[in-house]
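Read through the structures below before going on.
Each of the next two complexes has chain A plus one more chain, namely chain B in the first and chain C in the second.
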Partner chain A sequence: MTDENIANHLKSLKKYTPARIGVGRTGTRPLTKDFLSFRTDHAAAVDAVYGEVSSKLIEELDLFSVETCYETKDHYLKRPDKGRILSEEAKTIIKEKCTPNPQVQIVVSDGLSASAIDENILDVYPALLDSLSMYGLNIGTPFFVKGGRVACMDDIGEILAPEAFILLIGERPGLVCAHSLSAYMCYQPKKGMKESDRMVISNIHRSGTPAIEAAAHMGTLISKMLDQKKSGVGLVI
Partner chain B sequence: MYKKTTLLGITYEFHSLKEIMAKANEEKSGDELAGISAENMKERMAARAVLAETTLSDIRSYPVVAPEKDDVSKLIEENVNEEIYGVIKNWTVADLREYILNDEHLSKELLQIGTGLTSEMIAAVTKIMSNLDLIQAASKITVITHCQTKIGQKGVLASRAQPNHPSDHLAGIRASLFEALSYGIGDAVIGINPVIDTTDNIYALLNETKEVIDRFDIPTQNCVLSHISSQMRAIEKGAPADMIFQSLAGTQTGNESFGISISMLEEATSLIFEKGTAEGQNRWYFETGQGSELSADAHFDVDQLTLESRCYGLAKHFNPFIVNTVVGFIGPEYLYDSKQVIRAGLEDHFMGKIHGLPMGVDVCYTNHMSADQNDMDNLSTLLSTAGVNFVIGVPMADDCMLNYQSLSFHDIATLRNVLGVSAAPEFADWLKKQGLTISSGQLTKQAGDPSFFL
Partner chain C sequence: MPACQIMDRSVIYASQMYKTPLITEYEIDINRLSDILAFEYKQAGLMFENVQAGAVIITGETAQKQNAQTIINYLAERAGDFVVATAGADLEGILAGKGSGAKKRSEETEGVVANIDIGGGTANAALFQNGKAIRTLTFHVGGRLIRLTEQGEIKYISNYIRPWLQANRFDLQVGHTVSFELLKEVCLCMSKSMLSYFMDGPITSAEKLLFSSISSPLPQLKEIIFSGNIGKMIHKKEPDSFKEVAKFGDIGPMLAYTLNLIVKESSLFVKLAKETSRATVIGAGMQNTELSGATVFVNEQLLPLKNIPILNVFIDSEKWESQVFKVEVDKVMKQAKQLFVEKKDPPFALGLSGLEYCSYKMLQSIAADICTPFKKYFPYSNCMVVICENDMAKAMGQALKIYSSEGMQIMSIDQVDFTYGDYIDLGLPAAGEAISITVKTLAFG
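And now, the complex of A and B:
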């Protein structure tokens, strides 16, 4: 095969998969640009895990901020249980600032990717408010939870007793995308709730599920939860 | 079992074998999460001192999970070779360590002793072995298995090609597989983790991999790593599978959380022998990994190393072709950083080998774990010197479906080159015939180019 032929064949193989193929080698090792690009993607993923959500952004969205019992990032990673419960201080602030028993409670949390919030929240959050208002739903006082895990929605549910709940949280970063956001939803969150009662829209980012589409889908799901008074596998969509 | 010891002027009391076993472990975040680890380094050493003096018969007398309540315990108990056990039952764990490391005792002796040990005894001795102890001991043991081809020979480093795709796109999978083969990767198995766990999809993936194997006459075997029940449905419909796969846990409750039971594994064994496409006597592929029982709340306060060892006790019953621990996949709440992952990789490999298993390791990490590719360079080098049966390769170490990093095809080719080990014999011959390697195993100019197979 001529070099040009090989290049064309490689191109035809590469179009079928996002895997890093057709990269070539020097000796048995990869070429420098591919090696550095792989390490760069990993660096972005690590920075997303260890990063902090911009406080300016939280202010801009008019959210107040509370913390779980996670204490430090290292502890957060070692003890997922601590990210599921709110600190005593957080509970007091939430009780003080939030309207209890709202129809829909929205909470934003960094989770495993601070950059998921930084990159997406300005697209997703306003679109979500629009989508919920189209269904004429009343929305509780939204806030930001630092060091949250998905099940922190249960602890918050115990305090505010919302009818439906939406948690926008950063996903564990991959090398393809370090800033993917998930929206976890459920009906009447409370302690000991089954994982199968939660519903999720994942992969929300600019080259994944677009913000507008995700927000519209969340609105539909929430209104169905409120109609059918349940969430999870039993919800008829 | 109650034990007391004094170390550096402090007296330590232990109230059960389970407590001693947990506290004797190297530091693991999963044992901390379970609330069973030693409080400090001195207590850890006190537990090891006590464990070293514990006899094998004591370990057998105090099961960490009662066999009446757990079928994994029952199976391990029933599979002990009583004749061998009878000879060694009064040995202490320290005696066992020294027998294993004695240079008069080679593969045959170690494999024979292994048949008289329970998985808990193997876990116990592992806890009082250093990383180099684990490498030395494992390197003496040779386990050769036969599915379509044979792997496990001394001086062989085999590999699984893992050409996953985020939507199971067949042409995409084929492209990644061509890349793997062009680096000499795929002699242990061509194994795909599917996204879609339906019978039709599993059928299509088995067919696709078999077609490539047949077209190029590749001496290897195929497997699709879905739940056992969807593989069984596909195989019953006539899908060509050389092996059948399942993830295992070290307790009955853990296996129930995976949706499996021992009787299901037995049923699958009959099916793969009846309808499988391979010839050899080893038709299973198992994956395991420290921490999975705790994550399913099925750990009964037993430490993750002991539970991992019990997975091997279960696996052994089914004479698998390959077994690997997916060591760094589970996350930092079980293995926090590279130090813990490297330790766990060496522990799992040794424990598997002395159980008599064809042990491989998925040398890997996730992005929320404190580890990077350099750590995988280190662990894969250590494991290759320890004689690991196989490792796993994905394009540039980045699995674009499972979103974690393993080894690259380049890495495996490099390990073979640096350590003077080779692909499995039949596969090595095939590579030479294809013009991808020369006699020394070194890659030719044509190698490393997937379009070679177009």
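And now, the complex of A and C:
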């Protein structure tokens, strides 16, 4: 192959992946520009984990905010179990403010990427409300959980006993994208539920799963859960 | 979002080949055709009602017969539940290229791969690059354009090639006997004329073989594949007598030989076709049914919907402006109203291409800007079809539902490759929500 052929071939391969392939080198080291972009992406990932969701945004969505037992970000990273249980204060507030036993409970949480919420929630959340109302479903009182892990839905389920649950949560950032959002869904969340009963639409971000389409599809999945009274691997889609 | 794909296609039955039954030179014999069809269905062990999707492709000279349209309709009603009827040289060329393996080959190799499907009356060429058809052209080149007996007596010369024969001073006349050398010379010259388009550019009077003139020269080719009945014979040894040339009563065998001779002398690389005589049919089967995106917004009760023309608006996500879009979509709807005077419902399908990223705000604005002019131009319509290039059909459908008038049926599907002026058939749900679709590309630029 000639150099030009190799370059063309590499170009077509690169179209298939955002991964760092064919970046080249100088001597034994990466090129400055690639090294810098690697450092930038790494910094963005760290920022996503340690960042906070804009309080203005939470206000704009008309959500109130509660916390898990995570205490600090460092603690949150070392003790995933703490992110799965709500603080006593949170439980009191939720009991006080939320309508119990709704058909669908929506919760938003920063998880491992605050910027995932910042970047995507204004597309996902209103589209999700539209989709649920198109299926004629009644929605409970939505709120925001700071320092949440996926299984915090179980703890919330114990308090509010919703029929179906949607948790919009920031994903662990990678070096390609630091603001990817996931939507975890399940039927009747409760303590000790099996992971195989949860469902997820992942990779929601600008160059991943389209936010509006993901939200529109959540409505369909939730309505199927309510019809079939189950979720996860047993659900017929 | 989850995606569905057709993983495998297989041929379960291939019928024998028949000559088109004709009543006169200008009319196809429907009765004999339907006998053939009934017989072959029986051989295949199939009932008409077993067939859920089918394609009727009337090709080449047969499409010019007076009752071709009647035949298409006749077959469409009988060959199965959901039948696509298409004809036209451009499409045929592309289908043959899919069937012969040229399209697939172009995905595997850098550079342009051409397929030339040569049958009785026409040669349909299609050029593929990276798995996409980039050009088509058609020639009056085929085995049955000149027919003769085993003694060398000419029985028929098609009017389509007379101008070219004259320009090259070939004195052939019906009823006369031709010399073997002259016949070979004619075939050589015909091969050279056609293939010159794919090599160094057309030679003198080659344009007289073209079906319609071309606007710009063809790109440099890397490989060439021959399909069709002539393509099948291309690697045969030289016919050395009239008996061998005229074994089908025409010049086919000689034409196949001379084509190969010319290509062998050139720098073009000839690939073997996966299918030859059946390339178009196999290609039609491959083209016929595809799947939409897995998340769509449709009312299954209204399916299938056939032959909906697509007019599209391109939206650049980065430069999107509500005002500009409003004007564009109004223009397209106005055009749709003028083009499709017959009051069909749905009147047309609005294609939304581009739009790689769509925010919730954009979605709302776009949906509102579609519903307003739709109501203005098509007040009688109760069904709106929107086809998105990118994954957003369900969201778009839900938004349109909110902004459209009460009772409007919204059909919104996505992940469809289309261009302005294509026709689309929306079939039944095939895998989950994904529906089977057929995009019929007739015009091609």
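In the analysis below, the second predicted complex is superposed on the first by the 221 of 237 C-alpha atoms of A that agree within 3 Å, B and C clash if a C-alpha of one lies under 4 Å from a C-alpha of the other, contacts with A are read in each partner's own complex, and residues count from 1 in each chain.
Just so we're on the same page, a residue touches a chain if its C-beta (ideal position, glycine included) is under 8 Å from a C-beta of that chain, and two chains touch if they have at least 3 such contacts.
Not measured: the values here are computed from a predicted model.
Participant: So in the superposed three-chain picture, is A:S54 touching just chain B, just chain C, both, or none of them (first/second/both/neither)?
Facilitator: In the superposition, A:S54 contacts neither chain B nor chain C.
Participant: Touch check for A:P80: first (chain B), second (chain C), both, or neither?
Facilitator: First partner only.
Participant: Which holds for A:S202: it touches chain B only (first), chain C only (second), both, or neither?
Facilitator: In the superposed model, A:S202 contacts neither chain B nor chain C.
Participant: Scan A:T141 for contacts with chain B and chain C and give back first, second, both or neither.
Facilitator: neither
Participant: Of the two partner chains, chain B (first) and chain C (second), which one does A:S65 touch, if any: first, second, both, or neither?
Facilitator: neither
Participant: By the touch definition at the top of the document, which applies to A:H42: first (chain B), second (chain C), both, or neither?
Facilitator: Only chain B is touched by A:H42; chain C is not.
Participant: Where does A:Q103 make contact in the superposed view: on chain B (first), on chain C (second), on both, or on neither?
Facilitator: The answer is neither, since A:Q103 touches no partner chain.
Participant: Given the touch rule stated above, what does A:Q188 touch, chain B (first), chain C (second), both, or neither?
Facilitator: A:Q188: touches no partner chain.
Participant: Applying the touch criterion given at the start, work out whether A:S131 contacts chain B, chain C, both or neither, answering first, second, both or neither.
Facilitator: In the superposed model, A:S131 contacts chain C only, not chain B.
Participant: Where on chain A do the contacts from chain B and from chain C line up?
Facilitator: Shared contact residues on chain A: 9.
Participant: In the complex of these two chains, what residues of chain C are touching chain A?
Facilitator: Spelled out, the residues of chain C in touch with chain A are 1, 110, 295, 297, 357-361, 363, 390-395, 397-399, 401-402, 432-433.
Participant: Name, in rising order, each residue of chain A that touches chain B in their complex.
Facilitator: Against chain B, the touching part of chain A is residues 1, 6, 9-10, 12-14, 16-25, 27-30, 34, 38-39, 41-42, 45-46, 48-49, 77-81, 112, 172-176, 178.
Participant: So in the complex, the part of chain A that touches chain C is made up of which residues?
Facilitator: 5, 8-9, 122-124, 126-127, 130-131, 134, 201, 206-207, 209-217, 219-220, 237
Participant: Contact residues on chain B for chain A in the complex?
Facilitator: On the chain B side, the touching residues are 29, 32-33, 163-166, 169, 171-176, 178-179, 183, 332-333, 336, 366-370, 372-373, 394-398, 400, 403, 405, 408, 410, 413-414, 417, 443, 448-451, 454.
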